[in-house]
Amino acid sequence: MNSDSTAAVIGASGYSGAELVKILSRHPRVKLGPLFANASAGKRMDELYPVLRGRVETTLRPYTAEAACTSDVVFIALPSGEAMNIVPELLKRGKRVVDLGGDFRFQDAQIYQQFYKRQHTATDIIPQAVYGFPEWDADAIRSAKLVSNPGCYPTSAILPLAPLLKEGLISPKGIVVNSLSGVSGAGRSTSIDHSFVEVNESVKAYKVGVHQHSPEIETALGRLSGKSVTVTFVPHLIPITRGIYTTIYANPTAPLTDDIVAAAFKKYYERAPFVRILGPAVPEIKSVAGTNYIDIGWKIYPENGQIIVLATIDNLIKGAAGQAVQSMNLMFGFAETEGLQ
Amino acid sequence: MNSDSTAAVIGASGYSGAELVKILSRHPRVKLGPLFANASAGKRMDELYPVLRGRVETTLRPYTAEAACTSDVVFIALPSGEAMNIVPELLKRGKRVVDLGGDFRFQDAQIYQQFYKRQHTATDIIPQAVYGFPEWDADAIRSAKLVSNPGCYPTSAILPLAPLLKEGLISPKGIVVNSLSGVSGAGRSTSIDHSFVEVNESVKAYKVGVHQHSPEIETALGRLSGKSVTVTFVPHLIPITRGIYTTIYANPTAPLTDDIVAAAFKKYYERAPFVRILGPAVPEIKSVAGTNYIDIGWKIYPENGQIIVLATIDNLIKGAAGQAVQSMNLMFGFAETEGLQ
Amino acid sequence: MNSDSTAAVIGASGYSGAELVKILSRHPRVKLGPLFANASAGKRMDELYPVLRGRVETTLRPYTAEAACTSDVVFIALPSGEAMNIVPELLKRGKRVVDLGGDFRFQDAQIYQQFYKRQHTATDIIPQAVYGFPEWDADAIRSAKLVSNPGCYPTSAILPLAPLLKEGLISPKGIVVNSLSGVSGAGRSTSIDHSFVEVNESVKAYKVGVHQHSPEIETALGRLSGKSVTVTFVPHLIPITRGIYTTIYANPTAPLTDDIVAAAFKKYYERAPFVRILGPAVPEIKSVAGTNYIDIGWKIYPENGQIIVLATIDNLIKGAAGQAVQSMNLMFGFAETEGLQ
Amino acid sequence: MNSDSTAAVIGASGYSGAELVKILSRHPRVKLGPLFANASAGKRMDELYPVLRGRVETTLRPYTAEAACTSDVVFIALPSGEAMNIVPELLKRGKRVVDLGGDFRFQDAQIYQQFYKRQHTATDIIPQAVYGFPEWDADAIRSAKLVSNPGCYPTSAILPLAPLLKEGLISPKGIVVNSLSGVSGAGRSTSIDHSFVEVNESVKAYKVGVHQHSPEIETALGRLSGKSVTVTFVPHLIPITRGIYTTIYANPTAPLTDDIVAAAFKKYYERAPFVRILGPAVPEIKSVAGTNYIDIGWKIYPENGQIIVLATIDNLIKGAAGQAVQSMNLMFGFAETEGLQ
């Protein structure tokens, strides 16, 4: 793939899809290919997102595999449950695919079916899917035909927890993950629950104990740390557009110091261009909004035998489109930061 | 109507309807009667609006004229176009009605049809409708069978302009009305245009030159002042839940002083309990949010031969439910402020 | 104290003080007495808070004990550290006092000094102080000379936890209290940290592990449950004006059911007029904003051996001024709900 | 100035200054030079603005002319009234300067003194100052030693009005400019008026008839159109972080059509890379936030003999730092869009 190579986006009308279009339209090594959005077909991208006026004038079209295959890589930014109907054909035609939805996040289709409440119709493809983080799974991503991009909440929980678990610094049991998300995390929603009046000046937890990102966090942390991990995950909707704030409570296996914690993060993230380790300090959402960074801080709480780890991301970038492009950069041998700064 | 008398609300599930329920549930002279909401029938009011838990446990029901007529007064808080199908039967049964929608705001059905884009199906009822403000039309409201409650934007423009026009202090031509409204003014909307992500951190004008409140403002001011009035009205949607900010630009007919303006407002509003005249000062939305007040200030701009008049209301209270209850208080001989402080 | 009795407010210019003024100005059994605010002395209350125009026209004055003692009860809504200089004189003159700050929340002055970072200068008064909740300490409050009103975060954590601890349903160790607060909780602040641009579209944890409300929660829960309680408390600032959202993670001592939990809450709060038990459901801030209610819900998470308890309050009302008036109602033999509905 | 050339920023700790730093740190032809901020001297830029972590690690220092003169161009982003004490020395040393404040916006020092309420102490420098827009004054900017960058509100009003006035399509009298601004326009303020709680969920007009941007708009439009122009300008503060929404009401000199208006805009802005003409449509803030664009739309209102012109900008970019860099690009012969896309 050279700078004349192209990337297609399926689901370009949604928030993650539009964020992909924004990033790709400025990517120095990629040319925007066809943009698909069935319900908005016929509209121009800059009509739906006027911020793109003068930058992206492509007309959205109904999805066809033929059209998608004119590009070198295909991003899928559809609601979960749709990619599994599309990916098999694309792989058969030899395309490389990055799926931002949930369909290929579990090697075990049973877990998918339990939490996403639907049959998986492409179980034969699952083994080819590489679920992963550029920071942990770079080699697998480089050679992957199908990358399954992690969810937004899981990204904000797994990246801070994985080094501590792998180093054995905290117990894999009894981890609490308390997350706050901006409303764009719900997608381009017309639900009354996401209307301005309902969300503004309020907060509400949701899907307590049944969110599909709970098993994703547990499974990924288990794989990365080699331990059986349980987390209690509670997401909350807060009145901001973008950003996730994740506050993690964990139990150290032995007395910790800031140096020990800092060393663990350094070991795994020293060369990770988008992981900023703040030390024993507190991150905030506005420092990562609009960027592909994850900011991670912590506070050791010796009186109570706990460590609190705090992490922030932009849910549409590091939690979706940015991380997807970061993986694409690996897949095509570009610098990992290309188009993301 | 004594303190055992009852009020029904048709359209209780919407924001104006729910505000009526909140006000009426605390009104010392009124008992809440049946609450109607076809799409939410079967749900409890405090399920839709949990703030009402422990206060209003009524179950919403599908509308029937029979059920409505068990109450002494019927409030209609439906989208415009629906009241005209309901009011004739209620009047025939001798009920007194307060309509918060647009169906009976024009004596001239042609104007209604032009701006509301639909046939008027109850033109024979129109002559009975009293469109009016407690501050200007108290006598007509007292004896009305059908009160047509003014729109939210018109309330914020007509109350400040009427005294100046009636006293001949400003020209009836070339008046500019620039209004900003919180999102609750759009009703309990599932439109993507009113979703949190679309509204937050943005502003957008809408219906420029074609908003149905333009002719309402012109007609009402014409009637109150005895002059032919033209206004240029531009509404804007801003990211707050409640409140309207209206900035009016008008041309004095002769040099003005603050004393002259103050005297005009005093003449008409000295005994109006919900009109607060600030003098040559600037109102703000947060001082009226949650109240039935309209705050009015002004600034004479002699260099440019203009006067700027500024007014703020809570669109759901003085701009809808509060003003409707104020009129009901007149209709039933209660103190005008009953239930509104 | 009859309906001609009066209440003074020291610190009426701050947000809690102004909320007290709003509530007291509508209280049917109380007359507003002198309002004190040294820095704003000479200004009218409705100049600082124009929402009070036409309702409270009192001029703020510099504090003197003489003037305060013309009233029957004195509310103190000052930053912590100031009440201890004022209360001794008021008690000596026989006044009953409700302090909304932190000076008298600990019987152990050492804890105060450690967390509030200053000497306590009125340690001899501490034994007279009744720290308490109307729901748990009604008798002590009724006869108290000095009521120390609980903090906002502690109210949101203690009321949901106390029944579960007292019934022995959860372990007193390892409790996590994750709280989100609107910005009014910081008081009428001119800190850049509370400016609109800094707070908007962001979230930030603060005082992790060192917030003065941590020991308040532990101490109060210890007293109410008779156990030694440890909590890990992390407060976060979120971009809303009012409201606290507290998400609690606790470990059941034995398998729980919703019925067991519901019965525990019913036992202690069945007759508490401002505690709304939602059952196994999720509260939201907008349902309590502007009210004196606390809404409590929960979710049992058997896979992970945890129970999540969620609670919401308006930090300025149930978390400050409302709870203070609720206690005053007890002190003077009024109905507990008087002036608060 | 080649790509090793450097730019200094005086006042780098404020919002406009920080925006300059963000833009310049990514500018392909410029290297960031010294960053000055007296009150924050000694702090690192990424400590004040953590979003810059990993990108700008410069330590802020107290201002000295010597240090500033190590760079090729000096941006001044100080409160108005300070630049006039700094610019003379810089010009004497041969530096080129871009001032984002108000000190050099008027050739007539009397107007400055009337509206900025202070003496002008560098009147001899005023004749060298080039106040201007890249879209109108490119030649003068190219050769300027001192560029005076237009104010944020004036940018949003002058760019849409200038073509219509110059073409004689609208009357230069009786123009109304109604503007809404996000809070960052007030700078990094610790005033209680800009605290979250005061601004959120409210709107307030301010400086009605006395804002220093009124004469700036009139003077600039007079110069560009060759006519004596009067505008009535009312700014309002709204609860968003960034963005200006300007709604302009003007009187056509003869009947207009959309084609006539479109042709006027095309004539002056066809090759302007940051002016997007929407046609007879309505702009919104979120389409320009974070960009250097101005979006301009209009609506002809023949019934009332008016045209409404609407424009949106990001106040910190096109209204401040972006426009300043756009001018610097002209000054140094770079592509006008360099570093701004």
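Lettered A, B, C and D in written order, each chain numbered from 1.
Just so we're on the same page, contacts are C-beta pairs under 8 Å (C-beta built on N, C-alpha and C of every residue); 3 or more make two chains touch, one makes a residue touch a chain.
Only a predicted model underlies this, so the values are computations on that prediction, with no experimental measurement involved.
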By label, the chains that touch chain B as well as chain D are A, C
Same or different: at the chain A/chain B interface, is the fraction of residue numbers used by both copies above or below half?
-> same
Repeated interface matching B-C, over half of the contact pairs identical, chosen among B-D, A-C or A-D = A-D
If we define chain centres by averaging CA atoms, which chain lands farthest from chain B? Would you check?
-> A
Chain-centre distance (mean CA atoms) for chain A and chain C, in whole Å, is 39
How many angstrom between the C-alpha centroids of chain D and chain C?
-> 46
Geometric centre distance via CA averages, chain D-chain A, whole Å = 37
Which residues of chain B are in contact with two or more other chains?
-> 198, 201, 239-241, 283-284, 286, 289
For the complex, which residues does chain B have touching chain A?
-> 15, 183-184, 188-192, 194-201, 239-241
Could you please specify the touching residues of chain C with respect to chain B in the complex?
-> 26, 49-51, 53-55, 201, 276, 283-284, 286-291, 293, 295, 341
Provide the residue numbers of chain A that touch chain C in the complex, in ascending order.
-> 174, 176, 178, 180, 198, 201-206, 208-209, 230-232, 234, 236, 238-243, 245, 247, 249, 251, 282-286, 289, 299, 301, 303-306, 308, 310, 312
